[in-house]
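Below you'll find the structure I mean.
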Amino acid sequence: MFAAVFGIKFRLDPETADAYFDIINAALAEPAFLPRALFERFGIEVLATTGGALDPLDHHRAIRASGWPGQVVPTFRPDDVVDPDREDFVTNLQRLGELTGENTSHWSGYLAALATRRAFFRTYGATATDHSHPTARTVDLSKTEAQALLDRILCGRAEAGDAELFRAHVLTQMALMACDDGMVMQLHPGSWRNYNPWLFRRFGGDMGADIPTRTDYVSGLKPLLDRVGMRAGFTLILFTLDESTYARELAPLTGHYPCLRLGPAWWFNDSPEGMLRFRRQTIETAGFYNTVGFNDDTRAFLSIPARHDLARRIDCAYLAELVVTSQLEEDEAVDLAFDLAYNLAKRVYRL
Amino acid sequence: MFAAVFGIKFRLDPETADAYFDIINAALAEPAFLPRALFERFGIEVLATTGGALDPLDHHRAIRASGWPGQVVPTFRPDDVVDPDREDFVTNLQRLGELTGENTSHWSGYLAALATRRAFFRTYGATATDHSHPTARTVDLSKTEAQALLDRILCGRAEAGDAELFRAHVLTQMALMACDDGMVMQLHPGSWRNYNPWLFRRFGGDMGADIPTRTDYVSGLKPLLDRVGMRAGFTLILFTLDESTYARELAPLTGHYPCLRLGPAWWFNDSPEGMLRFRRQTIETAGFYNTVGFNDDTRAFLSIPARHDLARRIDCAYLAELVVTSQLEEDEAVDLAFDLAYNLAKRVYRL
Amino acid sequence: MFAAVFGIKFRLDPETADAYFDIINAALAEPAFLPRALFERFGIEVLATTGGALDPLDHHRAIRASGWPGQVVPTFRPDDVVDPDREDFVTNLQRLGELTGENTSHWSGYLAALATRRAFFRTYGATATDHSHPTARTVDLSKTEAQALLDRILCGRAEAGDAELFRAHVLTQMALMACDDGMVMQLHPGSWRNYNPWLFRRFGGDMGADIPTRTDYVSGLKPLLDRVGMRAGFTLILFTLDESTYARELAPLTGHYPCLRLGPAWWFNDSPEGMLRFRRQTIETAGFYNTVGFNDDTRAFLSIPARHDLARRIDCAYLAELVVTSQLEEDEAVDLAFDLAYNLAKRVYRL
């Protein structure tokens, strides 16, 4: 990143840290380092943000109004109105009702409100939803059960397990909506958010103390897959922080269900060894074309080229191994390299 | 397979698919591609089928009657009369009683019937049994408890967990019988069979939607091992679809118990990377001579040479690494290569 | 070991076994092979033993009295007075009370006695404690709850789970004491001790039939980390027999908490492949400087040089890979090699 973006040719260490600081600081003041200039310099074709269900997408509106041609689209990530463990959940549901004119204390109104917000996101170019859940659990409740569950949560009479049950059921409902409106669904499960209470008390949520947990996809996803796993046009992209599921659960599930795709090595696993383990443990069972290429969930805009560059190098190293061991021929590897780097992401995310 | 068996020298792709079809079709019509001709051409010394406890082994009888010298032996796989979750379980127990002249609604009659069928399989050359269970759980019940459990199941009063308990207890009984009759026991646990209900409703069972699950060997096998783990002459070969158990559970257990052996990388893991992970994660703790060589549970007869060829290449690649890193000397690696490819399977399976 | 320590240049095999025996036997009779001579020949700077809380450390006193300058220090491993599942637990608590003049049937007296023994170990140079628990579970009970728990255990009225609860709570207390007295804490969880009852009945405990089990660090350690995870000066070194936790749990936890360090690949994983997996699955997330170098828990004194030599070779092979793939520069790798081989252990263990 320092070399490619800032042109720094010497190593970062205690002696050179000040020089790094000065060079970066000077560069950031130049017009060439403004976000839109970098967007163009990086050759970004599409950049997707994520926003909560209540997000007014003001910045997306501003970009459109500005006339700038860069394609920046939102992703619908409704955790704010799906996770009853959030302190602001009840308030969020009220706001969701106000935004959409639906009665979100009725199960049908709640679902209609979600569908409305999905449509709103699509008007700004969204093609995907994203769901960050503690587990991969899904259930498929009746409408009566769902209403009773919602009632308990809204009245403060939620029992142990109700929050998990609610998230699990909404995930199945999101999958059903995806079958209707064609949005690609992404599931990022298995992170214990705000694990460190000291950090949470001092700095609030989402400050980095998120720790992976063991994740069960096979029994977790079954109710959802039983409901929509064979629907044409439905796509569910699975991510994991639990590598023990790569070969045991994710690759076999993805190899079987036409709707499933494997997201790239995620978060802590988004590293040279981690990316290589992802390929080695999934491809033989799931196949290259059930993966989605590399997507980068960085918050650091400047890191985008370096991260894509790394992912491409690791993928090419893996392909080269297959060529050297006569498992692929060279022209096949070249085609695959292009697909993994570019075409698959475009196709799967319907860009 | 295409190259070695059919002599095709060009790559399979959309352009050549028709040519492949024509060549294969033409070959299959020739006498040289009849099963017995291929058996001889492949140099197969023994081929083992698997049959349910009720299987009359008619085909085995026919082979023997034909005078053909190829050795095709059955394997006793009594899941049909061991798994109460099967719809035909009660009927199967009745048929088992009729076949053997035992009262299979009595626990002692049920066990005697199983022993009789094991003996019947041995008359056709069987040396092994095979057990496909959802988990590796075993228990060691008293006869009174076992009879009560059997009663509940046969009377349709089975409680939650009873089917699992029954399978778990019969597994221990099968181990005891193996101590008596010398048959080698194989356990293939951890597959969630018929996971996809759509497929099951449309095409019935065993159509491919089997998904691996997390498997616990350490607490699961303890009752069985407590009972027969130190018996001389007893052999239990363990397989897994959960690679996280290789280094943590299977290698330490196998390194400790004289009766245990590790089956080769199985099913989804029966691939270049999967086979290499098997060796890397088990051999240092379990040792080469606690593995059983490669055995191929393919349903595709024509794939046998290719699969054995692949397994041998991977094993030799692993051995070569050990030589290059001075962990083995070359002559030791050569001896091991022969043992892994041929001698171990013959010795462990008592062929 | 045979080459470096005994100078044997030919391979160990059935033909040479007698020659090996003779050479070793002759060598062991020579003064150069006495323990203190080997200690000096091996260049050992510090050797740490482990002793139970009741250990009078007589041998340590004898070494000091002898005037020999070799540094041999004890490690405080209080499992004898922490694990209520031990048959001698109640007796041990009485002896602990006698040794320290505390009433160990009172929770406060029990804690004071533990603190006293920690101090006693420190007078012989101990800088660390070690805790071998079946799981990584911790809890943080009130004093009233702790006293009630201790009462139930001492009166023989312990309920299911009480022994685990007691160990879990004492672990948190040990962490609090470590914050006070500066001893480095080590946790070795996840071994099912004396798994084989046949062996236990015949030869007693600790004879080798210990089998690893799945270990949960993330929920297990949370109560302890909630209590002391951010305390300056506290160090907790985590070991594992469950490699599936390397990338998923241990590396992220260690990367986050300043107090946590990763112990080296342990026991069954203390092998070329095992050590390499440890580095590959932890370093990218945890960083080299959150590991503690190699420490060798061998009971075989003569194996020490060979084991450290192996660990160093594996670490250097890993570093070399990083250099070859341009992830490290050579001078950085050289510095790291020295730190991993020597400096880190000295620094983390406060030697």
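First chain written, first letter: the chains are A, B and C, and each begins at residue 1.
Here is the rule we use: contacts are C-beta pairs under 8 Å (C-beta built on N, C-alpha and C of every residue); 3 or more make two chains touch, one makes a residue touch a chain.
Just so it is clear, the model here is predicted, and its values are computed rather than measured.
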Touching subunit A and also subunit B, the following chains | C
Self-contact between copies subunit B and subunit C, residue sets same or different by half = different
Whole-Å separation of chain centres (CA-atom averages), subunit B against subunit C = 40
Each of the following residues of subunit C touches two or more other chains, namely 244
Can you check the complex and tell me which residues of subunit C touch subunit A?
-> 216, 218-219, 222, 225-226, 229-230, 244, 247-249, 251-253, 256-257, 280-281, 284-285, 325, 327, 329
For subunit B, which residues count as touching subunit A in their complex?
-> 11, 192, 195-198, 208-209, 211-214, 241-244, 268-269, 271-274, 277
